[in-house]
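Each of the next two complexes has chain A plus one other chain: chain B in the first, chain C in the second.
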Partner chain A sequence: MSTQPAMINRYRWYELISIYAGIFLFLTFILAPFVEGFLVSLKPLGLLFSSPYRFWPENGSFTAYRTMWVSVPGFARYIFNSFFISIIVTAMVLILVIPASYAFARFKFRGSGLLLGAFLAVTMFSGAVLLIPLFRLMRTFGLLNTYFAMIVPSVAFLIPSAIWLLRTYMMRIPRELDEAAFVDGASHFYTLRRVILPIAMPGITVVAITTFIGSYAQQFIFALTFNSKTEYMPLPVGLFAYFGRQEVIWNELMAASFVGITPAIIVIFFLQRYLVSGLTAGAVKQ
Partner chain B sequence: MNVQRSTLIFAWMLLLPAVLYVVVIVAYPLLDTFILSFTDASLKKTSNWVGWINYEKIFNTTFAEVIIRTFVWTFFSVAIKMIIGVFGACMLNAAVPGRALFRVLTMPPWIVPMAIGIFMWGWMYNGQFGMISGVLQNWGIIDGPVAFLARGSTAFWATIITDVWIGVPMVTLYMLAAMQAVPQDLYEAAWTDGAGRFYRFRRITLPLLIPSMITMSMLSLISTFNSFDIIWILTQGGPNGETTTMIIDTYRTAIGSKKYGEGAARAVLICIFLSIFCLAYFRVTSRLSAGETNR
Partner chain C sequence: MGQLNLNKVQKFYGTFEVLKGIELEVRNGEFVVFVGPSGCGKSTLLRMIAGLDETSSGDIMIDGKRVNDLPPVKRGIAMVFQSYALYPHMTVFENIAFPLRVEKMQEDKLKAKVENAARILHLDQRLQQKPGLLSGGQRQRVAIGRAIVREPKIFLFDEPLSNLDAALRADMRIELAKLHKQLKATMIYVTHDQIEAMTMADRIVVLNAGEISQTGAPLELYHKPANMFVAGFIGNPRMNMLPVTCKAVTDAGVEIEFKGQSATIPVAGRADLVGQPLTLGIRPEHIQFGKSDLTMNLTPTVIERLGAQTVAYASLDGESENFCAMLPGSAPIRTDETVSIGVGAADCHLFDGSGIALERRVALTDIDVGLLKIAGG
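Entry: the complex of A and B
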C-alpha cells in the first residue's frame, strides 16, 4: 500500500492546504477537551472560578498534581483497583475465549453458526439493560461490594468481540498444521496447546490489549451499582471524591484525570498498531 | 465431511466454559428481566404476579415521550458520528506527511476511561466558567453565560456532542481501514485515464465504502441506543427529564426507586428494540457479504 507510484498522490498546494486544514479541524474537536482539561489542571482554583474566561493559565503551576493526593487519599488505591480489575477481567476473558475461538475457527458442526451469532448478539445488550437481574444475581452469589461484582459482569460483555477477533485470526492459520500434528498421533488438546497457541500468540496479544483497554475504559455502571465500598472503587467512580460538598475541586479532578489517563496514553503510543489491527481485523475482513 | 464423534465432543468441551458463562451472566438475566416485568418486585422479600400492569403503567406515563426522545437522540448522534467519522477518515487517508501521528491522535477519546472524558466535557459546558460559554462570549456570539447542561434544549445537544466525541474515533479508524482496503489498482487505472481526485473519490471510494458505512452505522446505532454513562454523568437525565433516554429512565426506576418490576418492563421494551436492530444488522451484513461474492 505504501509502495504506490508517487505521482498519483502528488498534491497541489491548495489541496495540501485544505487537507491540513481539514485534519486540524478534526483533531481540534478530538483533542480540545484534553487541552482544556490539562490547562484547567494547571490553574489555581481562584482563577478557574473567575470571569471573564481566560484560556491560558496565568501563574499556572503543577500544585494540583501534588495536592490531589492529599485531598483524596484513596486516589492511588482507585488506580490500583482499576488496574487490578482490568487485569483479572482480561485473564478471565482469555481463558474462556481461546478455546472457544479455536472451536469456532476449526470445527463446523450443526448449530455452530447459530451459536456464533448468539455470542455476537450478546454485545447488543449493554450491562445497563440487564442491571436489575444482574444486581439480584450478584446478591445471590454474595458478590455485592466485592471486586468480583465488577469483574464478573464485565467479562461476559467483553467475550463476544474477543471471540470474533481471535476466531478471525485463527482461521488464517493453515489447517495443514493441525492435520500434520494429528497424523503424527498428537491429541486434539496437545495440538491446540503445542501447535496452535504459539502461532496464535500475536492474535492473542491483540485480544488481550483490546480487552484490557476496553475494560479499563468502561468501568462505570457496574462499579456505580454493585459496589459501594470505597476501598474497591475503580478510578471512574473514585474520581467523584473530588466532587466536594459545596464545589467541585476542578483543578485537582483534572490533574487526577490526567494521572489516570497516563496508562492509556502509554498504551496508545506503544501499542497503537495492535489496537488498530484489533479494531479492523474483525471488521473489514467480512 | 463426516465429523467424528470425538472431534465433536472436543469442540463442545472447548466451547462449554464460554457458553456456560454467557448463559449465566447474560441469558439467565434476560429471562429474569422478562419474568420480573410481570411482577411487583421491589426491595421486599416477596413479590406478586401482576400481569400486564407494569406495561400499562408505562404507557400511562410519559414513557412514550421518552421513547421518541431516545430515537431522536440516537439518530442525531449516529448521523453526526458518521459524518465526522467519514470526514476524518478521508482526511487521514490522504498521503501527507504526519499522517501516522494524526492517526494516533485520533484515538484518545476511545481509549481513555469514558468517565474522565465526560468530566472534561462537563467542565467545558459549565456556564459561568466553562470554555465553550467563555469562548463564545469572547467572540460575541452569545451575550451572557449559557449553562449548557442546565437548559433542556442545550443539554440535549450537549449530551449528543459528547456521545459523538466518544464514538468518532472508532468510526474514523473503521472507515479508514475500509478505505485502505480499496484495491489500489482501481485508482491507478482511473488516474491513467485522467480522472481527477474528486472524481476518483466519488466514483471509486464512495461506492466501495457504502457497505462499510452501513455496517458501521448499524453497530453505532446499537451502542448509542445503549448509551448510559454520558447522560448519567452530565445531567442524570435532567433538566426536567429533557435528556432522559430509555436506559436512563430504566435505571432511575429500577435502581433509583427500587421498583424492579416496573424497571424490568422498561428493560424488556429496550430489549425488543435492540433485537429488531440486531436482526436488521444480521440481515444487512449477510446480504452485503452475499453481494460481495457475486461481484
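Entry: the complex of A and C
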C-alpha cells in the first residue's frame, strides 16, 4: 500500500495523459532550440544548408568542438571573462543584499516601505533604457573599457530583486530566534552571522543562482556598450567572432555556445544541492 | 539575589493603555505566576521585564537598580519562549552554549557549564543532536538549559508549556517545580492555564485588562477571591453567579434572600448593603444532594461523566440559566430529571454591586496548608 500515492495525488488515466502531454508540449518548446543547436554543431558546415533540410546530421562529428578553438583563439578568455564577471557580481550582490534584506525584514524604520517600493520601481527600467546616462557616468569616472564597466551596472540592476527575494525568505524565520539571541546578549551582527545566515542559506542560494544567471544574461548589453577591449569581452560578445566577413561559421558558433555555458551549468548544479528545505525544522513549534 | 520591583509600570500602544500602573514586588527565590485571559497584558508585562518591549512609564527595579533602559543581558534575566526559539542549525550543546559563546567564555569552563545544565535537565545523551530530532518536551528542556547556563537572577517563562500535549505538560510542570527547588532562583511564569498557576506558584498575580486583579497564594485566591473576576477565573468549572438581595447585616454575616429562601452567609458585611442587590457565588464542587442552607431544584441538560466526578450543566428552578454542578463519583442524575440539591452557607461567596467580594471567614488552614498537622503526627 505504501507505493500508492496519497489520495490528493491520485489521478484518472486521462488526467495523467493530459498532464504528461502538457509537460511534453512545454518541454518541446523549451528544449527544441537546444536540440537543434546541438545537432547543428555536429554537422559539417557544407551540409548545413543542404536542401531538403535534414535534422539528423549526416557524417556528424565533433570536429566543430575542436576547430572552434582554432578559428577564435581568444575564446577560452571570453568564457573566463563571463564567468569572472558573474562571480564577482554575485559576490558583491550577496555582500550588499544580505545585511540589507535582514534590515528590511526585521527593523521598523521610517521610509522602509518607500525604499522597497523604489527598489521595485528600479527593476521596471531595463538597463537598455539607461544606457546613455550610464555611458556618460562611466566615462566621467574613467571606467570605460574595464571589468568594472560591466560589473557595476550589473550589480546595481540585480540588487533590487535580490533584496525582495531574500527579505521574503528572512521574514519567514521566526522573530523569536532574534529575540532569544538578543536576550542572551548577542548583537545584531552576531545574530545575523551565527543565527540568521545559516538558517537563510537556502534563500541565499536561490538569490545567488538568480543573480548569477541574471548577470550572465545582462553582460551582453553592458559589454557591447561600455567595453571595446577584446581581452575583457565576455562570452555573448565573444560569440560574434564567429561571424566572419564572408560567412557565419554556424556549427562552431553552436559548439562554442554549448561549451560557453558549461561552467555556469556546473556552478548551478552544485549550488542547487544547498537548496535543502526544512532547515528550520525544530526551531519553533509550527 | 533576584528581587524584582515594579513601580507604577505603564504601557501604551499609541493611545491604548495596555498596562495601567502595575505595582508588584517579587521576592528573591519566589515562583510567581502571571495569569489572566488572553489580551490582559501578561505577556507584554513579561517582555517589559525581559527588556524586549519598551516601558512607557514607571520603574522596573531588579535588586534595587532601575533597569528600564538596560538591554536584557545586563538585567540579569533569562527568558524561555513559548515557541522554544531553538537554533535549528546548531546541536543541543551549541544551543545551550550560545549565551556563553556570546560572552566569549573559555572552552573548558563553557563545556563544564553546559554539561552541568544538561545533567540537570536529563539531556546528557542528546548533546550532539540537532533540535529537529528532539520531542517537544526535550526541545523545551533545551530552551530551559540555554536559560540556566547563564545563571541569571531572574528566570522568565512565557507560556513555556502551552505547545506540549496534556500528559507531557503535567510531567514538565513537576520538572519545573523541582528545578525551582534545586536552583532556588526567582522565577516569573506567564500562563493562561490556571492548573499550571495553581500547582507551581508560590504566588499568583491575576491580571485583567491591564490591571492586577488580585495577588496571593494559590489557595488564597481560591478561597478568598477579591472580586468576581478572580472568582470566575480561578476554579474549574467556573463559579456560578446568582443574583440575590441583602436582607440584613449581622455579626454572624450577611443575610440574603434568594427565591424565597433566606440564609446567612458568614462574610464581613457593611450596614449600607441592606436592601441592595448582591451576587452569590457558588462553586460547582460545593454542591451536594439533598437539603442544606440553600436548597435548589436542578434539571440537568448536559451531563459529563468523568469517573471521579460528574459535571452537570443544568437549569435552576426551571429557569434557562446555565448552572453548573460538580458531584462526586458517578452521581445518580439523568438529563431532564429534576433533583434537589443544596449548598452550605459557609461555602458561598458574596459580591457587592460593583463586583468586590465581601471577605469570607475562612479557616487559616484552608489558605496555608503548611499549618495543617499530619494526623497522629
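FYI, the second predicted complex is superposed on the first by the 238 of 286 C-alpha atoms of A that agree within 3 Å, B and C clash if a C-alpha of one lies under 4 Å from a C-alpha of the other, contacts with A are read in each partner's own complex, and residues count from 1 in each chain.
In the analysis below, a residue touches a chain if its C-beta (ideal position, glycine included) is under 8 Å from a C-beta of that chain, and two chains touch if they have at least 3 such contacts.
Bear in mind the structure is a predicted one, so any value in this text is a computation, not a measurement.
Asks: Please work out whether A:E176 is in contact with chain B alone, chain C alone, both, or neither, and reply first, second, both or neither.
Replies: The answer is second: A:E176 touches chain C but not chain B.
Asks: Examine A:A100 and indicate which partner it touches, taking first as chain B and second as chain C; both and neither are also allowed.
Replies: Touch status of A:A100: first partner only.
Asks: Is A:Y190 touching the first partner chain B, the second partner chain C, both, or neither of them?
Replies: The second partner, chain C, only.
Asks: Looking at the overlay, does A:P198 come into contact with chain B only (first), chain C only (second), both, or neither?
Replies: Only chain C; A:P198 stays clear of chain B.
Asks: Considering only the touch criterion stated at the top, classify A:F49 as touching first (chain B), second (chain C), both, or neither.
Replies: It touches chain B, and chain C stays clear.
Asks: Check the contacts made with chain A and report whether chain B or chain C touches more of its residues.
Replies: B
Asks: By the touch definition at the top of the document, which applies to A:E247: first (chain B), second (chain C), both, or neither?
Replies: The answer is neither, since A:E247 touches no partner chain.
Asks: For chain A, which residues belong to both interfaces, chain B and chain C?
Replies: Of chain A, residues 279-280, 283-284 contact chain B in one complex and chain C in the other.
Asks: Mind listing the chain A positions that touch chain C in their complex?
Replies: Interface residues on the chain A side: 174, 176-177, 179-186, 190, 194-195, 198-199, 278-285.
Asks: Which stretch or stretches of chain A touch chain B in the complex?
Replies: 1, 4-5, 7-9, 11, 15-16, 19-20, 22-23, 26-27, 29-34, 36-37, 40, 48-55, 82, 95-97, 99-100, 102-104, 106-109, 112, 115, 117, 119, 121-126, 128-137, 152-153, 155-157, 159, 163, 188-189, 192, 213, 216-221, 224-225, 235-237, 239, 250, 253-254, 257, 260-261, 264-265, 267-269, 272, 275-276, 279-280, 283-284, 286
Asks: Given the complex with chain A, which residues does chain C contribute to the contact?
Replies: So the residues of chain C in touch with chain A come to 50-52, 71-73, 77-79, 81, 83-89, 98-99, 101-103, 130-134, 136, 139, 146, 150, 163.
Asks: Where on chain B does chain A make contact in their complex?
Replies: Checking each residue of chain B against chain A gives 1, 3, 6-8, 10-15, 17-19, 21-22, 24-26, 28-30, 32-33, 36, 84, 87-88, 90-92, 94-96, 102-117, 119-121, 123-124, 128-131, 133-135, 137-138, 145, 165, 168-170, 173-174, 177-178, 180-181, 184, 187-188, 191, 197, 212, 215, 222-223, 226, 228-229, 232, 247, 250-251, 254-255, 260, 263-264, 267, 270-271, 274-275, 277-278, 282, 285, 288-289, 292.
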